[in-house]
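Same chain, two partners: chain A is paired with chain B first, then with chain C.
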Partner chain A sequence: MPEVIEKDTLIGKRITKLDAPEKAGGKTRYIHDLNVPGQLYGKILRSSRVHALIKKIDTSKARALPGVHAVITAADVPYQRPIGVAKDHLPLKTDRVRSLRDEIAAVAAETPEIAEAALKLIEVEYEDLPVLTDPREALKPGAPLIHPEPHGADGKPEHLKPGMPVAYAGKPDNIAMTFDYGQGDVAQGERESDVVLEHTFRLHYVTHCCMGVSGIIAEFDPSGNLLMYSNTQVPFLHKREFAEILDMDPARIRIIQPPIGGGFGSKLDIYPFEPITVFLAKATRRPVKLVFTREEEFLASPTRQPVILTLRSGCRKDGTLTFRTVETLHDNGAYTSWGATTPFVMMQTISSLYRVSHCKYHTKAVYTNNPYAGSFRGYGNLQATFAVESHMDMLAEAIGMDPLEFRLKNAQDPGEVTPQGMHFKSCGFKDCLTTAARASDYSAKRRRYQAEQARPGRFKRGIGMASMLHVGGGAKIYPSDGCGTILKMDDFGAVTLLTGASEIGQGSETVLAQLVCEELGVPLSAVRVINNDTEITPWDVGVHASRTTFIAGNSAIGAARKARAKILAAAAGVAQMAPEELDLRAGHIVEARTGKMVMSLPKLLRQLHFNDKAELVMTSFYYEPPSKHQDKQFKGDVSAAYAWATQVVEVEVDTDTGIVRLLKVTGAHDVGRVLNRLGIEGQIEGGIVMGQGYALTEELMVENGVVKNPAFRDYKLVTAPEIPEMEVHFIETMDGEGPQGAKGVGEAPAICIAAATANAICNATGVRIFELPFTPEKVYRALHAARKEAA
Partner chain B sequence: MSLQQEIEFTLNGVPTRVRVPVDMSALDMIRSVVGLTGTKYGCGEGECGACTILLDGVSVNACLLFAVDCDGRSVTTIEGLADDPIGQKLEKAFVEAGAVQCGFCTPGMVMQSRALLAKNPNPTREEIQRGIEGNLCRCTGYVKIVDAVAAAARAKE
Partner chain C sequence: MIPPSFSYRAPATVSEALALLNESDGEAKVLAGGHSLLPMMKFRFAEPALLIDIGRIPELKGIRQVGNRIHIGAMTTENELLESALLKEKCPLLPEVVRWIADPQVRNRGTIGGDIAHGDPANDHPATMRALEAEFVLKSADGERVVAADDFYLGTYYTLLEANELLTEIRVPVLPPGTGYAYKKLKRKTGDFAIAAACVVLSLTGDKCERIAITLTNVGPTPLRAETAEKLLTGKAIDDQLVEQAAQLAMEICDPAEDLRGDKEYKIHMAGEMTRRAIREAIDRARGRK
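Showing the complex of A and B:
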């Protein structure tokens, strides 16, 4: 070690992920790779009808199959309680099935093959009911009802009394949830408008396609404690929810998360396979492992929320936005998961991406017999942004204004408090707009491509932009949005960081380690992050809402600063200097001013430990962001910081085939500050390609309640040769509340692509398409219809 | 019970003898009979590439291969690249380029890239993209995977 140690930082550098070497070497053990001694294998029998009464289930032949340890139906678990966001969903169905994925029975057997064979021996008699798969039909009088009677506990009305097991009360109509938001007076806004547009946008089903399929292992110990190896993104919330479902003491439930093969929001709710596996473990007194097949993953996972959205908006000739009115119809599917609640995010984009004085927002989420929708990266924002940013281009065109200028005129500035109550303390929106436009040569290209529309030629180029606003400092959708950290240092200067925040591949453990290194002046190799066991790690609300870097990061910094203060106080005594004259660098205590080495950090830690005072450096910190839980009118500053982005997309449209190729995406993202350049680039590139899939290739085809393409062969993910050139610019607004100035970025990059692609296709061809995805067939038909009209 | 057969093959350089059901896939054999879990199940029908292995040096989807068809042949899994200089370069490059996020597709990507570099030691970016088109990744957007393969190809022995 030199005598003098210069101050160094890891912030903003390209830091490789801590877990990457073992993942690259195939050594990481995911849920699929874990086996517990004595383990049985679970399988689920799903409905073969879209909507039917269950008249009879005969499991006797399945039970008689050698190697089968248990066959259970709803009748075997009279204690089961409804799960999900609206508690309208029994894991094992009692008297009726409401969608093709519905769980009727489950088997635990010695091998997966025996369990599979046993499923085939279960006989179910159904009585078909009228099927409801069009959400628009759901509201009509006489529509089949999806939840007409109470169910839950054993479904008997006496169980609805207080103190009795919870049951779902049923619904006299098909409305699962409604959301209403308003600001100003839209009628006045409309009167002030020179131009008013109204269009209906249709958003489709897509699904997460995590490369690692869903799975769980559940086991009870002899004292009745439940251990689950689970892929959940919200372990601490699930502890409590499982306790309610199982009527257990939450303290007796432990959740260990093995490394997770992709999350993207898919693992925020409890799904039937999880309690069912617990039921099987209870019935057999053995550990039970249940892992989906890929087909099952397509059929029985939640989807992104499909939406029919009607947007009416207006502006004045000078380019001032006047009002927006939005009506959406959410196809809830048969049960309510997080998809129904996407209006929380959608209305933020409607009300606050741009300054609009007068807004009205209404959503109905309706029950149908379709697959049910959950949470998916972006959480409604892809849908809302598609509509809003399509309209921004159309309004600009209607008043003859450049779309960039139109956006800049209405874009938010730092310091703005929107009528919905969001306070944009840092806001790089205008920088995002101008940076992305300049880097992509947006304005010149847009004019050129527009001029070339009428010229002959099969291939047309177009350029389009879209911007987004998303929470970047957590989202207080629960009364707490916090995260706890415990930090301990050993005698050798190594740091163990116990954090409640889950790693789902996004790189949070690496960023948290970096933030700790910044405070404690230790090398990255000295930090271990423990983040996957509810018995060990402190509470966290979960990995969602782009919150982990911000919330868990601030929590880790809090714990590290306490440790730093303790170390420097002790070192001050040894060095006969004031604590503020000292600093921690490269595992040493140094003079802050000169960098001159005073002593090694491990030596100081040992001196603290092995003396009369016998002290250890162990600290804890709980960070709760200064955000507000929204009120009943959906108003309030729900996040401690907000993220902004503009993405410009350049496309080539083959007008003979309708094939749209994404040539280039130029993004400018207000991320507060770059913490790990390698990690943030990866997040943004991955998000762009996920957005590309949403815009162009992916569609879960659901016809009459049946998923027609439950395989990668027919559900088309973007592959390596199809990705666009990507150029990403970071706008560093140094958010005052953010960890080292950073804001969340996890969801942001996926949000704008579909909207920007719609605008680019229109720039290339003059044809506006209101429905996703832009498949060759859809684009071809739209171009053809436009040509016919022109002729 | 289905018919069983005993087979012998070389697994990552080690002579191996196992008894397997005749309808078992090589993927199931590697994961549950031999117990090496680096080879992943992603779809079971050859669409995602997560189970890519080398069979006599050629990359194949282990889920589409019968275990009994490994008889008399040489099988390399991701675990076997620990002894392979090019494999090591690839793994290091995947780490350094940021090509790993959730990591579930990574072993298959590395194996496919290994097969690509055997055929084409100096691929262009387009050739790399083409070379890994049968391997799906949901996290990275592929950019950094292509970077990694290009870097591994450039790296000196």
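Showing the complex of A and C:
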């Protein structure tokens, strides 16, 4: 070690993720790899009807099968409570099934094979009900009602104990939720408009396709404490929800998260298989493990919210946006999960991505007999951005303005407080627009490709852009938006960071470790991150809303700074210097000005440990970022910071077959500041590919309530050969509240691709497509319909 | 999904395999690469009592030239076809087709015999085999017969192969110099089955088309041979107008099933487009332009 240590930083460097060696080496123990002594295997019998009354369930043959330890139906768990965002959903269905994924019975057996065989022996008698699978039909008079009866517990109000959550009451119509937002006066906006456009956009079902399928192990100890090995993204909130569902004391519930094989929002809600596994563990007094098959994952995990969206918008000839009116219809599916609440995010894009004085937004989320939609990276923003950014190009064309210039004219600036109440303290939107446009040669290429549309030739090229606004500093949707940290240092200079924030593959533990290193001047190898056990880690509201780096990062920095202050104060005493004159670098205490080594950090720590005042355990909570709940009119500054991005997509369209190839994606992302360059590049590239799948190849095909393609053979994810060249630029706006200036980026990169691709296809061919995904057949038909029209 | 229970045998020789097939009285399935059979078993579309794994029979592997034919063992994997110097030189159409099959992982396990014998019109080898006028060696405990690929396909998952027979060898011609060939496959993305594909093998004398085979993948219950289109082009100098007419004739014989890849109309149009492209490329190759 040299006598002088220069100041160094890990911030902005390319840091390999801490869990990379074990994941790349195939050593990670996912839920699939975990087994508990004495464990049984759970399986669920799902409905074979889309909508029906359950007349009779006969489990006698299944119970008689050797190796079967329990067969349960709703009748065996009269204590069960409704689950989900609207509490409209019993884990095991009582009198009726409302979709093909509905859970009717469950088995715990010695082996998965016996459990599977037992399912086949359960006899169910149904009486079919009229099926409702078109959300547009749901609102019509005489439409079949999906939740006509009260349900919950066993459906009998007298069985509900005081203090228990009230059972779901049933609905006189099929409307699950409505959302209304307004700013200004859209009629006035329309009067001020030179151009008004109205179009309907149709957004389809896709699903997360996590590499690790859903799974859980549940067990009770002899004292009645419940332990769950669970893939949830929100362990602390789930403790509370499980307590309600099971009528248990939340303090007796512990959740351990094994490494999670992908989340993307899918693990934000409680799904029936989780309480059902707990019921089985309770019934058998044995640990029970339930892991989905891939087919089950397609059939019974949530989808992205499908939306029918009608957008009417206008502008003046000078390019000023005047108004936007949006009506959306959300197909909720049979039950309500987070998908129904995506309007929270959609309306932000509609009201505040660009400055637009007059806005009106209305959503109805309706019940149908389809699969139900949950939360999915981007949370409604892919859908809203698809419509808004398609219209931005169309409005620009209608007034003869360059689409980039049109966007720049209406783009938000730093300091803006939007009519919806969002305050853009840091905002690199215009930098994103100009950087992405310059790097992709957008304007010149757009003009050239447009001019080449009429030329003969099978291949056409096009370029298109889209931008996005998303929360980047947490999202105040729960009573708190906080995260706790405990940091302890041992007498060898090693740091253990216990954080409430879950790692779901996004790389948060690496970033948190880096932030701690920055404060404590220790190498990355000295930091361990513990983040997977509710008994050990402090409280957090979960991985969602691109919040972990921002919220958990600030929390970790808080704890690390406390430790730093303590160490420097102690070192100052030993060295007879003022704490401000000292710094921590490379595991040493140094003179801040010169970098001259004063003493080694481990040595000082050992001295402190033998000193009764040491207390080298720090806690910090970052409970309240400076953000505000929305009021009843959906107005409020819900995030402490907002992320911005522009992505430019260049495509090649084979006009004879309809095949669209992405050639290049150029992105410019306002991320506040780059913390781990390797991690953020991976996050953005992964998000682009997810957006590409949404735009081009992925579709969960649901026909009459039946998922037609529950396998990767027919549900097509993008794979390596289709991935375009990607060029990513970072706009570092150094957010004042962000950890080291950073903002959230988790969801951002997936949001723009579909919209930018739509604009690029239009630039290539002159044809605008309003419906996703852009499959070869759909594109071919659109091109040929346009040709016929022209002829 | 877990397949129902079954017995499993892995014979070491063809004669052992044939004896097992003979004894099983139609209750057995032959396991080659498993990419089609195992998913079918998981989904319970196939519930064989016995699985005969022919993956450990050395005599079913290998590529060798015998006179003007190339004999390919049924258990030769797709990647082995792809890497074969002999095929590259003597029947380059075959490795070209293999490139379009699934993805490298699948091609490591998937076999030419499995692809052919499964009888799935979506597979890529069947149409190629018809265009090449290949022959298949079918063995049983009673003996051996050699059948033409042209006669082999009777319907979807339905071929000449009897329950006690094993496809042991595929025989394709050595393509004479100057043979034009092409396989044009349209798929939604890498790894997918064809929306439609066309295979063309032709030879020219001067400008005239001396002989041509045009076959189609995944647009009917079996691989299709566009005989009327072949007749139209045979003996003629093929120009754009003839290509167009041939494509129209090929489209007329298509009867695809509507599925996630498209409806009938789109698939038929794409079969026409692939036919156009395949004929053009085959001609270019015959003329040494490509």
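Rule of thumb we're sticking to: the second predicted complex is superposed on the first by the 769 of 791 C-alpha atoms of A that agree within 3 Å, B and C clash if a C-alpha of one lies under 4 Å from a C-alpha of the other, contacts with A are read in each partner's own complex, and residues count from 1 in each chain.
Note that in this section a contact is a pair of C-beta atoms (placed from the backbone, for glycine too) under 8 Å apart; a residue touches a chain by one contact, two chains touch by 3 or more.
As the structure is a computational prediction, the values presented were derived from the model and not from experiment.
Asks: Who does A:T697 touch here: chain B (first), chain C (second), both, or neither?
Replies: Second partner only, chain C.
Asks: Touching A:I504 in the superposition: chain B (first), chain C (second), both, neither?
Replies: After superposing on A, A:I504 lies in contact with chain B but is clear of chain C.
Asks: Check whether A:G212 is in contact with chain B, with chain C, with both or with neither, and answer first, second, both or neither.
Replies: First partner only, chain B.
Asks: According to the stated criteria, A:H32 is in contact with first (chain B), second (chain C), both, or neither; which is it?
Replies: Once the two structures are laid over each other on A, A:H32 reaches chain B alone.
Asks: Is A:G261 in contact with chain B, with chain C, with both, or with neither (first, second, both, neither)?
Replies: In the superposed model, A:G261 contacts chain B only, not chain C.
Asks: Using the superposition on chain A described above, determine whether A:K708 touches chain B (first), chain C (second), both, or neither.
Replies: In the superposition, A:K708 touches chain C alone.
Asks: In this superposed model, does chain C or chain B come into contact with more residues of chain A?
Replies: The partner with more contacted residues on chain A is B.
Asks: Examine A:P776 and indicate which partner it touches, taking first as chain B and second as chain C; both and neither are also allowed.
Replies: second
Asks: After lining up the shared chain so the two structures overlap, which partner does A:G142 touch, if you call chain B first and chain C second: first, second, both or neither?
Replies: Neither partner.
Asks: Which holds for A:T293: it touches chain B only (first), chain C only (second), both, or neither?
Replies: Touch partners of A:T293: chain B and chain C.
Asks: Once the two structures are superposed, pull the chain A residues common to the chain B and chain C interfaces.
Replies: The answer is residues 293, 711, 713, 719-721 of chain A.
Asks: In their complex, what parts of chain A are in touch with chain B?
Replies: 14, 16-17, 19-21, 23-30, 32-33, 208-213, 259-264, 293-294, 504-507, 678-679, 681-682, 685-690, 711-713, 717, 719-721, 723, 726
Asks: Show me the residue ranges of chain B that touch chain A in the complex, using the header's touch definition.
Replies: 31, 36-45, 47-48, 50, 77-79, 81-82, 90-92, 94-107, 110, 126, 128-130, 132-146
Asks: Would you mind writing out the residues of chain A in touch with chain C in their complex?
Replies: Its residues touching chain C are 112-113, 116, 293, 295, 656-657, 659, 696-697, 699, 701, 708-709, 711, 713-714, 716, 718-722, 775-777, 780-781.
Asks: Spell out the part of chain C that touches chain A in their complex, as residue ranges.
Replies: Interface residues on chain C, with respect to chain A: 1-2, 5, 39, 103, 186, 188-192, 195, 260-263, 266, 269-270, 273.
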